[in-house]
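Every chain is named by a letter (A, B, C and D) in the order it is written, and numbering of its residues begins at 1.
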């Protein structure tokens, strides 16, 4: 049984990570660390775990591993502290919004030889994973073009957007990782086009809310990403992968399988509302994977380098958006 | 926390009930009772629970409730013993295959004033429940005709069929309960037509493997059930409810949401394989309900009378099959 | 080029048959015969064809064939007259509502050795035909159970129902023919259950508006028909054919292929409104077939005997409904 | 009745235009003009029309209008001749592959005040037209992003590609027009990325066979086009239009509505094979429109300017591809 110290008692900490740690037969929610006492208390009361300070947790010999789900700007420091304390690390993406800071942080991890897993949850989604697996099995031959659709149900608050690092680093970063995951090669060029048309608040803080990104790969294959901060109909998460013999499509999961046909037409349920619903199975699968890492049965499927590479693509997309040029990578 | 004694360590006991008892925050798998020591040991080892005899479990004051998932022919006796021991009862359908025995058993339960819940799991399926709920909300007006499709992926062994009570009592019984659940009224007539065309083994033991049943209700509404012991493409579990304003359909759940389009056509995944997959959410929901019963927050949504009524319809369907007549109820 | 005399300038004559005759490269709409001068004039003006009386048409040596799409109670007499005049006959179903009258009429046709084609249009629907063809190709092995859904968008006027011969002879007759067409064998038993719940007018004239029919075939296969005079969502025309290896389903054709996803859910178009839309391709295909008959390249795919057999099943369904018994055939 | 001179007896002339002219109640296929006598004879024999030279047709006072479906490099000259002869013109896209030549040609048409309709058939597709209409009706609010998918079933011969003007001018030109049609505004920037990965022959002649194009519009809305010369599964023609309230999607039309479910999974028919099948209704609708133009009831919905604008976008896409820059328009 591994004792886990959970950093961050916010929504994803409460609804996803605390639950998955507690329900896994080999992990125990040992402690919760959060500057907001209310949130920490909520989890401590529910799961009967300790409340610790950062220092206590890092120094506690009973802590077998850490799960970092705190605010983005704390990730790099917590990773370094945990690495120095010799504790295996599960960290929500991103490591940091600044590339230089990421490199510095990864150097520390490297030096300490501690396993670091970056939580790109979508790689563990059974639908997307299947697309990748079936490509490997040759069902569509060589990959030729990939279309990734990722649209949030509704815009986040402007305050969140302000500190998010912008659309590409906050939202598209998942799609950059997905493109790398599916294509199995690194892009050689990137182009981005964006707009602020869905939310006044986002526009006011100088970010875009809608984007198209195009990437080209060494094999000649191409990928496009279509993003919006507001779909209006739930969480739109689809992949379309065209190859020599045809296309593999991962469609949305819908809220239920009931249809109503009336004079008005035929109606069925919207896509699952948001990431907590849609990626429930993915979050469990990635935690199972991390436990395998703790057991020495696997090495992290997505490392700090994956986090860095996705961030690099986000930075280059931003450069393209600002210069109106296709950027060579 | 309620201590549960689980009777029956067979497949459904292992894969469904032991898991759900263990995972519910308010229930504890206290003991397992099964004449086959191997099965009992398997569960005892996995969950760290006691192995008890029937008598021990019934007399053990620590046992707060019993879950009966043993062989069908033991249900009635175990129900009576538990009722006399004052323990609330969750019992898999059916109470017994013989109607007179059912009545006798329910009389004992009645006398002891013990809660008895009969596990008609499909009522708790989110899809079917939604059809019922949306009918109540008036989405299609008054119900007019109901089509229930229930087809198993592949035939059970002939030995099972031999002691199963026959297709109507073993398989269609779920559909009879579903028809009562959806329509909210008791049928006034029933007709059944059956055939032995999918499996030689079933034919050899004198049972049918394919059937159509038609029922009429006091309101004039009608229902039809279509059954087969072998679909060839997974577990086919659908409902189509026509009303004044249109139709509500609960479609199958499929194994995944990935499509492949090639020269050969467009292909997607089969329906979920069988009841363990398809009704996973339903089994959890019915256990949640039973815990509410234990907490005194609910009375059993399906009682012994529901079990009896479904069995009665099965008996009458058989009578119709044998006489070639529509039976008045 | 074959000159066709068209009997009946009502809706189906105008919208379907006149058009198909006129558009076929080998047929010419030569004359229209209808007691209602207005309707006849409409067609004559549009296509520049003659208006004739029944006698004129039958005696006119220029008329190469007749198409009977007049009121049901005129069919038998017109068939006999055409047969005696030696003119090949295309007649809308049914020959007559009275079985004895049908036999008498077919005897006349038989004696005259004139080709008689009965218009069971649905056999020519590309979807249903494909189900039949793919069954023959062995895609699902031997047929085991057939489910036919046939629901009209909205009830016909009570005056029509009064002279229609009742639901089974007017509407279900198509489904009886479809069952025979798909299964390729004659049923050995039939059961029918019906209700008057969708339309007061239909109830008032003593007919049913909703029905389930079950038939059994010599092979042990079974079929069920589900009918309603009012679906509320367009014309519901589906077939589900289960066999040894799986199921072939002909789904509805919808009005278009546009979907709208919003906060309210996902919405797509209703099934095609009614038979003129849904069976447009079928009507053209059956006319092409009849022209092949005229050319001596084919014999009628559905003869008077098919019409008689479907009527026989309708009569027996009615007998079952009235006696509450499964009828042996 | 309008007498039409048809220029071009190739595939589209034979299968689409000759048929539509002949079947329209107000148009008559008067003459066919084609340098290949065999093709011209085929049409003349089938429809009983004259064979004319270009000069004869242009000077024939009986010719009421011309339909130009000949080789692309003859379009501009034929348009000019017809304009000077005062004959209304229906011309397949494009006017010419060279922009300067297009301008010269349109100036002649302008001077002669003759109606010129450019056949962008997809605007008349009932699915795409409905997306446009429902956007106008406000079903999704303001348009935000448009995704156009256009993939041919299999690559054309390299000889065709060589004289086609390249992917953007030959194939994407339809999508440029579609984007303008749906969005109702002219793009302000364009970016294109392409690859030669599906066909060696296309690569050999220096063209691309796969492309992504991104355009931005004055409103801030964006559009992307995804093209391939080979889908492997039929003609893939879809549109996805996201707006403030949700998304309108025009899905593919499939060959039929029959599904097969077996042990292997669930299977349905491929998209319609190619443009002759998919756009059959569109070709008829555009001809109906042109007849309205001839009747003075409409002005051409797509004029020479539309043809020129689509060609302009194709040229700019090529410039972007060659320079790796987003081009400002």
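Following the convention adopted for this analysis, contacts are C-beta pairs under 8 Å (C-beta built on N, C-alpha and C of every residue); 3 or more make two chains touch, one makes a residue touch a chain.
A quick note: this is a predicted structure, and the numbers were derived from the prediction, not measured.
K.L.:
Computing the C-alpha centre of each chain, which chain sits at the greatest distance from chain B?
P.N.:
D
K.L.:
With contacts defined as at the top, give the pair, B-C or C-D, that has more of them.
P.N.:
If we tally the C-beta pairs in contact for B-C and C-D, the bigger total goes to B-C.
K.L.:
So how far apart, in whole Å, are chain C and chain D when each is placed at the average of its C-alpha atoms?
P.N.:
Taking the average C-alpha coordinate of chain C and of chain D, the gap between them is 40 Å.
K.L.:
Specify, in ascending order, the residues of chain B that touch 2 or more different other chains.
P.N.:
140, 231-233, 245-247, 261-263
K.L.:
Enumerate the contact residues on chain A facing chain D in the complex.
P.N.:
It is residues 140, 142, 144-145, 147, 151, 189, 191, 193, 195-198, 210, 212, 214, 216, 219-222, 224, 226, 228, 231-233, 236, 242-247, 324-326, 328 of chain A that touch chain D.
K.L.:
Which residues of chain D touch chain B in their complex?
P.N.:
Of all residues in chain D, those touching chain B are 231-233, 254, 261-271.
K.L.:
Once bound in the complex, which stretches of chain D touch chain C?
P.N.:
So the residues of chain D in touch with chain C come to 23, 126-127, 130-131, 134, 139-140, 245-253, 256-263.
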